[in-house]
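As structure tokens, the structure follows; a few thoughts come after it.
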Amino acid sequence: MKSKMGIKVSKLDEEKSRKDSGFGTAATSTRARLILPDGTFNVTRKGQSFSAWLNLYHRMITMNVFSFVLVIALSYFLVNLVFAVIYYLIGVEHLNGIEEQTKFISKFWGAFFFSSQTLTTVGYGHISPLGSLTNAVAAVEALIGLMMFALITGLVYGRFSTPSPKVLFSGNILVSPYLDINGLMFRLINERNSQLINVEVNVMMSRNEKDEEGKLTRKYYNLALERDMIQFFSTSWTVVHPITPESPFYNETSESLKASDTEILIAVEGMNDAYADPVHVRTSYLYNEFLWGKKFVPVLSEKGTGYVLDLKKINECVEAPLNN
Amino acid sequence: MKSKMGIKVSKLDEEKSRKDSGFGTAATSTRARLILPDGTFNVTRKGQSFSAWLNLYHRMITMNVFSFVLVIALSYFLVNLVFAVIYYLIGVEHLNGIEEQTKFISKFWGAFFFSSQTLTTVGYGHISPLGSLTNAVAAVEALIGLMMFALITGLVYGRFSTPSPKVLFSGNILVSPYLDINGLMFRLINERNSQLINVEVNVMMSRNEKDEEGKLTRKYYNLALERDMIQFFSTSWTVVHPITPESPFYNETSESLKASDTEILIAVEGMNDAYADPVHVRTSYLYNEFLWGKKFVPVLSEKGTGYVLDLKKINECVEAPLNN
Amino acid sequence: MKSKMGIKVSKLDEEKSRKDSGFGTAATSTRARLILPDGTFNVTRKGQSFSAWLNLYHRMITMNVFSFVLVIALSYFLVNLVFAVIYYLIGVEHLNGIEEQTKFISKFWGAFFFSSQTLTTVGYGHISPLGSLTNAVAAVEALIGLMMFALITGLVYGRFSTPSPKVLFSGNILVSPYLDINGLMFRLINERNSQLINVEVNVMMSRNEKDEEGKLTRKYYNLALERDMIQFFSTSWTVVHPITPESPFYNETSESLKASDTEILIAVEGMNDAYADPVHVRTSYLYNEFLWGKKFVPVLSEKGTGYVLDLKKINECVEAPLNN
Amino acid sequence: MKSKMGIKVSKLDEEKSRKDSGFGTAATSTRARLILPDGTFNVTRKGQSFSAWLNLYHRMITMNVFSFVLVIALSYFLVNLVFAVIYYLIGVEHLNGIEEQTKFISKFWGAFFFSSQTLTTVGYGHISPLGSLTNAVAAVEALIGLMMFALITGLVYGRFSTPSPKVLFSGNILVSPYLDINGLMFRLINERNSQLINVEVNVMMSRNEKDEEGKLTRKYYNLALERDMIQFFSTSWTVVHPITPESPFYNETSESLKASDTEILIAVEGMNDAYADPVHVRTSYLYNEFLWGKKFVPVLSEKGTGYVLDLKKINECVEAPLNN
């Protein structure tokens, strides 16, 4: 029993010590990266409920501003179209003053523009509803207009308040000399003028390994960092993983990385203190995005009584012979 | 004294070591589950203050969208009704241009529609207020309209910004072979495409036990997990409680679970990084929701250069003889 | 030096060990409580900047709903008054159609109601601006109207989204028998149906003590709790400080509490998971709010397949002889 | 190898022990302070993308209220101007009722005011669109008006909900006698009546040092505090760094501070419990903002049954001979 216990525990501990990115061990494809460069996960969902698939609010919040305006303009047009049809069917003779218009435009478009004036609550009144039915429809349309507008307002603010940190990552991850050993290095810059603070970085290495039965499974390792938190992310930050003998990266080569389909997963957390919003960004580097024997050149310089940060230089690096 | 002290301390420590779900030890019913499947607590309140019972904002935020629209439409109708009565009592002769309308509809409905045009601030003007009283009422109604609309806007945004994670839990909790022992397993999936990160799971076991005096009291135990946190909740997560001899679940059987009215309480915390919102979901499994000697089948597969997650498979499991 | 060092360190450690509520040691009044029953601090500020004193947004958010509506209605009236004067001074002959009105009301009130129709953007149009000056003023007023309304909308949502947990505290703090010793006990209930989770309680004891020079200084002590965190605050929670010989409360009597002007400061933190809002509430118990030799009666009972929480019983307690 | 390893580790540990403010070691200017008194970083960015440079939302949120209103008023004027031109080009004969106006003002301004009435959805209707083109433009303008207003509403609420704590810092940092040693002291006051709780302070010392190669590099040290967190920041807080022999500040003099261009970096975190918003403020003290041999006078006094906090006294201090 004791021995059995011993085995149990050991196996369990080994299992527990294993890092998990949330992709599990099944993801052993040698083609599929886990995290796309834009920080989203390389996963598509099947069998979602319609509402979950649609996820309208999420889409409206995250789509670019042009599509956003387009969607709104389109809905505006369609709703007016629908009501135009309704007014037309009820009979435009119930739209007082439309004769004036119909010298220039068709009855239908007269109804359409009356609808737009009602939906937006402009209500010039040179066209006005007559009779209970038309009045009732107009009363409903005005309410719909207000609710549509409440929606737009909510969406607009939602888009505002969604944090968009714009953290820039260097395009490559470098293997550079570091102190008297070597280090794995990449750097990030806060492109915005807003202040990010209490920024933490977590770096994970993910690669395929053969388990005892020779089955290919994907393993995850945390890479210890020289520094994994800074209080003020005011300029640029070069994140360094010192390649000590304890590092899972020790003895890796360009070839071994490719063979094991290595991917470096990076998660950055911080706080945007302008709006007191937590900020999370992710990225990853694939084996083919490593540069060996190079080091970054500084991006920060002094000018007058202040400092200048040159974002254009984020990828700039120079040859640097590695320690061995 | 010393010994007394000793007893004290020991008793105190035991007391302290006891987990508390917040239901306390009184909840020993063998019929009542503590947490309903939808994650709400199985508790009703008596003697609340009216405002606390009404809790209007909370209700408006959490009710489904149809009821929400209905409530607004109804209030709109009622407010118009009230003001219609007022205008009617003041005298519709103070509504300039209503004669035009009253060829088609009654004076009262004329007043009603004028009210709706004022409340929504459409103000066509083919009906307009005459005299100080009617003008004053109209001025007040327009303000009320704006404030009602401010309320609607706030509620709409409140509904948007309330996080709705849509985390799916497997319908059953499984007792499955795990390494060379057995494990208690359930799994969860993020149905939405939005990203949940830094997800933590806390699993508690709650059952009735006889204390030294043989009195039935409800006890709570934390169940240690193979892994209680993952950084990226991008796919599915099978949460595992290894049934070691230390586990309070060790030696449990289907019968013993029923006898002690066992319930597994699950709390999940995470962060929705699209809106930087914390997310909390809960669920629970009753003794009759256990499956013995089964294990889950994978839900994640590879396709082309990405991964596919099949939500429909969340409950799928196959026979798996338990270790003993 | 060594010894000096020793003294230093010891003094320093003692200093460090001292808890500080933020009131400092100066607050030795025997009349003034530190925290008012409603949880606000018993402090008034002198020499604030006007904006800080006004703190308009904060006031508008925290005032009761009646005052809130009143302030808005008043501002509405005043703004209309101002513009009425302006239109009047420009000359009401520039308000086309006002003659119609002035059969019933004075020119001034005609201008006033035109203003209200412009500010709310109702714009019936039976009165309309003529000439550049009046038109310009009207154009400005309409914009002001929209901005005022944006403000109102913001304030309304601000009031919504400000968490109002409605946590009820027992009116008294009890010294009750606890296990085989005694305990200091008070209880709290979540009056709302919304769920509070991960609730933490921090209890501090504050009393006047004579320092070595016999000077009266206010000291603060943390009171260790049987349990200082619960995961689900679904029902009621009786917070217990076990009065062990280590407790600063050990050997206290009703008289000694009065003599040292003892106040128990309580801070509760949690998360309202309906809106994922952090929640903070505070209260305090003065020496005259202690009950000796009593214990609370349960507030939770079972009914059918659920539990019933009777808020009215929160203060109910019965005689209970203390252990000694 | 062992020795090599030894060196590595030691160097690495030393490196790790080094605090980093996020400015890195390059910032060795003897003129440039790292943090400006208002808490912003003394850094300008080069090569930002236009959108990142513009960062419109951020600017609109953080600019003062006068500029904010000005920007809105200006945009309002410009948009009206644009549409006035469009209506004018289409032909004002399509603006029904403008003749009435043009007795007083030019056709162009007539179009301008019609535009303003459309954009704000006032829509008096004494001027109204005729023909499809003018009607279409008006329909579009009304929608634009609503969206502009949605933007304004979002911005206004954004400005509200952005936490503005107004924490006052003493103008100088004092070297004062503290217990039987000396201490580095500054103090802060919450100017607002709102309550800040769970306030944490982090103090860093940054100075230039020559490394082994005699190269000037900027080093950062955390300064240990007598107390680095208070639960209730209700009054004033004097933050104290005890100058023990372990302190990097030990043996510093006014001259040595100037020579090494010392700057004390201060970061304060807390929670504004009125809105449950996290709050972050920063400041820094340069070598020339130190006062030696002085101590603060109390700002808190008792009055009746409460306490009075005199903000004006925040900088008041008196001579106090230092311990040595």
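Order of writing sets the labels: A, B, C and D. Residues in every chain begin at 1.
Throughout what follows, a residue touches a chain if its C-beta (ideal position, glycine included) is under 8 Å from a C-beta of that chain, and two chains touch if they have at least 3 such contacts.
Quick caveat: nothing in here was measured; it's all calculated off a predicted structure.
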| item | value |
| --- | --- |
| Between chain C and its twin chain D, rotation from the CA superposition, multiple of 5 degrees | 90 |
| Same vs different contact residues, chain A with chain D, by half of numbers used | different |
| For chain B paired with chain C, centre-to-centre distance based on mean C-alpha positions, whole Å | 26 |
| Whole-Å gap between the CA centroids of chain A and chain C | 36 |
| Chain A: positions in contact with at least two other chains | 117, 121-125, 149, 153, 157, 161 |
| Interface residues, chain C side, partner chain D - complex | 4-5, 7-9, 11-12, 15-16, 20-24, 26-27, 29, 31-35, 40-49, 52, 55, 57-58, 61-62, 94, 96-97, 117-118, 121-125, 127-132, 135-136, 138-139, 142-143, 145-147, 149-151, 153-155, 157-158, 161-163, 202, 204, 265, 267, 269, 277-280, 282 |
| Complex interface listing, chain B residues touching chain D | 121, 123-125, 153 |
| Parts of chain B lying in touch with chain A, wherever the complex brings them together | 69, 72-73, 76, 80, 100-101, 104-105, 109, 113, 116-117, 120-126, 149, 152-153, 156-157, 160-161, 166, 179-181, 191-195, 197-199, 226-227, 230-237, 242, 244-245, 271, 273-276, 298, 300-313 |
